Each structure stands twice: as structure tokens, then as C-alpha cells.
């Protein structure tokens, strides 16, 4: 995966590691990476002007169809992390986000990830990715 | 708090500690106690014949108005825990559950807790505790 | 509980609600309040110059002995929340933090809380609250 | 992925969906699948006679190097789920688990997943998968 550094289509969000996110191996538990990626996705959408909270109120639900994370180095309590998020692929009925999680101080790459989504309506039927959302996205990488 | 042992109005549920529930202090993080107490409450209601999933489908929502947990001894990955749940107080518009969490093997008392609830309708208004639920509850302690 | 607004001994930290923190009642699950209070405590200690990550490396562990939260109003995905944290009581062997969680935009009070702690050494024995930590704390309210 | 049904090398564990695991889309949040897969792995190892809690006490740490989950159908509060776990690949320094999560009542396949692991010693160095663990594993699929 190509480094996301200084790409204008990449949105960054930075926050401290929470104590509750560690496990007895003294590092962040990998389930938190999935939550952090979602948090990166939320920030990505807010910065695009397509706040996901509003998208849901408009009746569109971006359901996760797959998620993956590759753990390259551990994150620790006491560190701050930056999640970099971008649109990896946009098709009529499928949207893929890419992620990098780095140590906010050192820039060390900790995790790379990907999530795939479909858009559902209020009845749970798969629809096209709505124009409201599509038009807000930056051009693909 | 009086011991809940062998009280017929107390419902028990037992499960293994999850690795993800530990933190870097090598013990279960205290936020998990709140989740375990809710799991005890779910099992309590299933065994009373008032499955909470059905109660929500009928339009009644048992919202938490306060929760407290006293940590007496740590729980560890590799142990099984038992949550004992009972109705501590039932009023027309307020319901309080009491809890004890013990080590399932040794019986050692780990946590005592309490949660208070009100019942909301679909519009979010506080209602009386519904008859559907009230009639299912065992007599109070 | 007295309002914490504009008290110099109160430390504030603000962050967006995470989607993963919601539950099917369409609001934040109350176990997240416990995590947010801990996050408030972490920020409190960082701002006092007594970063808890360093305190643990020095062999002092601030274990939770009790926690309580009173839920006054729900938090929602799409909102930002501010956790206000202060030292409620400091004794030789016991430390109590107080918390308020408010909607960062409207200031509406959502949750009030409290957590009690003892200090453990590497062998798990209760010790006095260490001088390292005590001297960093602001004067009590 | 081949169905794991009635394969003797597959270990099953069944538990109720927790309310805290749902999100405002009214289904289980996908980060919980990662926790459930870990719970499947824990049960797998307990049934093999290689309890992971003991393996850690012996100084071996099974770190996650990657995880993936494919969400085929949602899980709901009120349902019970079964996690099926097996060893997908065992190499000298790498271990891969495969998973299926099904609705325990209907058998409907909800999630397929995979996790890769390396073994670390107390100093965090990658070691061979320890004999203690290797000998406990059933033959590979």
C-alpha cells in the first residue's frame, strides 16, 4: 500500500489512545483498530461535507460488508495516533475505504486497513451509493 | 449488600472472561462490569419470560438512569464469572436491579452493582413500567 | 452536584461520539460513559504534569474501587461531548474524581459521575497515594 | 470458504448477543465480530488442552498480525450466535485461524473471518510457534 502522506484526498484525525483500549499484552487490542478506522471514516465524511449522521437521517445506511486490518506495530496507552482515511474505490453499489494508522509523534506506521460498504435504504435493501454522498467525495486516488 | 446465594428470586448467568475485556493492569477493565451487569439483566428477563428483545419490539424501552459498581477483587482472563441479578426495587415508574459478580469456580465476590431504569415509549416519554414486564417479575426481595 | 463551569481546578477534554458507542436505542450506551470518564481522568493527569502512563512506568497503579454514573440526557452520534474532570476528595490512601459530561455545542448536562481509586504497587499492595502524583494535583474543590 | 459443519477439527462456542454489542443501525457492530472470533479462538485452545491463559503464563504471547471479517448477514440482540473456529494454516512461525459465525437457532451464516498470528516471547521477539501449543493442535484441515 502506497503511503498516504500529504495526499490531499486523505483526511487525518488524531486522538489519544484510551486506557480501556489496551489489553493484558500491554498494547492496544486489535478490535480497537476497527473502531478507529470507523472514526477515521466519520471524520473523512464530516470534512467532505457529507456528515454520516445526516446521511442516516436522510435514510441512507452505509453497512460494512468486510473489514480487514494488518497490524505492523503495536500502539500503547500514553501515545497519540493519527488515522488517515481515503476512498480506495467507488462503484455504483460499493464503496471501499483505505486506512493507515500511525503514531502521531513518530509517524511510525502501526496498522493498514480497508473496509467495504454497501448502501442500504430504510427497508434494508441495497441501493446505489446516493448522489448526496457521491458528489461530496473527493476524486479517487 | 446481602448475599444473593440461593435466593430463588436471583437469576444467574455464567460465562468466560474475554481477552478483549482485560487492560494493561492485567485484569478486567471496569467498563466491562457494566456490560456484564446488563448481560445479567438480559438473562434475568429471559428467564422471567419477559425477553427484553420482545419488550422493545412491543415499544417499551428500559433506559438506564444510573449505574454503579463497587470493585472488590479483580477478574482475570482464564476465569469464568457468574453474574447474579435480582430486582432491588419496583415502583410505578422506576425499576432498580441489584447485581453480584463472583468468580464461578471459587465463588469469591468480585463486584457488587446496581442500575436504575425508567421505561420510555417510542416517542421517548417516560411511562409506567408496563404490565407485560411487571407481571413477569418475581416478587421483590 | 455543583456545576463545574469555569472552575480552574476542572480539566476539560472534548471529542466526537463514536458510532461504535451507540446501541440500538439510538443513543450512546452507558458503558461508554465509564470509558469517557476514564478519558477525562487521563487528560486531567496529563494537564497536571502527572501523565498516568509515566506513573504506571514508575510502578504506581491507580485501581478503580468504585464507579457511578447518573444519566440525565442521552448523547448521540454526530455530537461532540466535553468531559469535565476534577479531584473530589484526596486522602492518604484514597482518591475520588468527579465528572460532568456535557454536549460540547449546547452545554446541556448529560451525565454526572464519580470514581474512587486506590494506589497499588507492582505486587498489588495498597500504598499511600504517591507524592509524585499528590504534588501534581491542583488544590481540592 | 468451505463450510465448517461437522468437521471434527472445528470447535464451536455459543453465546447470546449482548445489548452493548448493537449499534444504532439496530444490528451488531462489526468490531464485535473481531471480539467473538477471539472468543472462538480462546475456546478452541481450551478444548485442545492448550488454554491460552496458561500459554501466556508460560511466556508465550500469540500476537495478532492481521484480521479480516466478511459480513454476510446481520446479527441481532435477542439471538444466540455460534462461533466455529479451526486452524487454517500452521507454519513454523505463523498460525492462521479460520472462523464462521452463524445464528445458533437457524444456522444462517453471518460472518466468515480469518486471523493471523505470530508468537512472541517476553521480550517481544518473534519465536517459533511453541511445541506446547503445536502438539495440542488437531491436524490441519
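Per-chain numbering from 1; labels A, B, C and D assigned in written order.
Quick note on the criterion: a residue touches a chain if its C-beta (ideal position, glycine included) is under 8 Å from a C-beta of that chain, and two chains touch if they have at least 3 such contacts.
Source: prediction; values computed, not measured.
Of the two chain pairs examined here, B-D and A-B, the one linked by more C-beta pairs in contact is B-D.
With chains reduced to the mean position of their C-alpha atoms, the one farthest from chain D is C. Note on chain placement: the centre of chain B and the centre of chain D lie 27 Å apart, centres being C-alpha means.
Averaging C-alpha coordinates per chain places the centre of chain B 24 Å away from that of chain C.
Chain A and chain B, compared by their mean Cα positions, are separated by 34 Å. Each of residues 19-20, 24, 31, 35, 38, 77 in chain C touches at least two other chains. Chain A makes touch with chain B in their complex at residues 19-20, 22-24, 26-27, 29, 31, 77. Interface of chain D with chain B (complex): residues 15-16, 18-20, 35, 38-39, 42-43, 51-54, 76-78.
Those residues of chain C lying in contact with chain B across their complex are 24-25, 30-32, 34-35, 38, 56, 61, 63-71.
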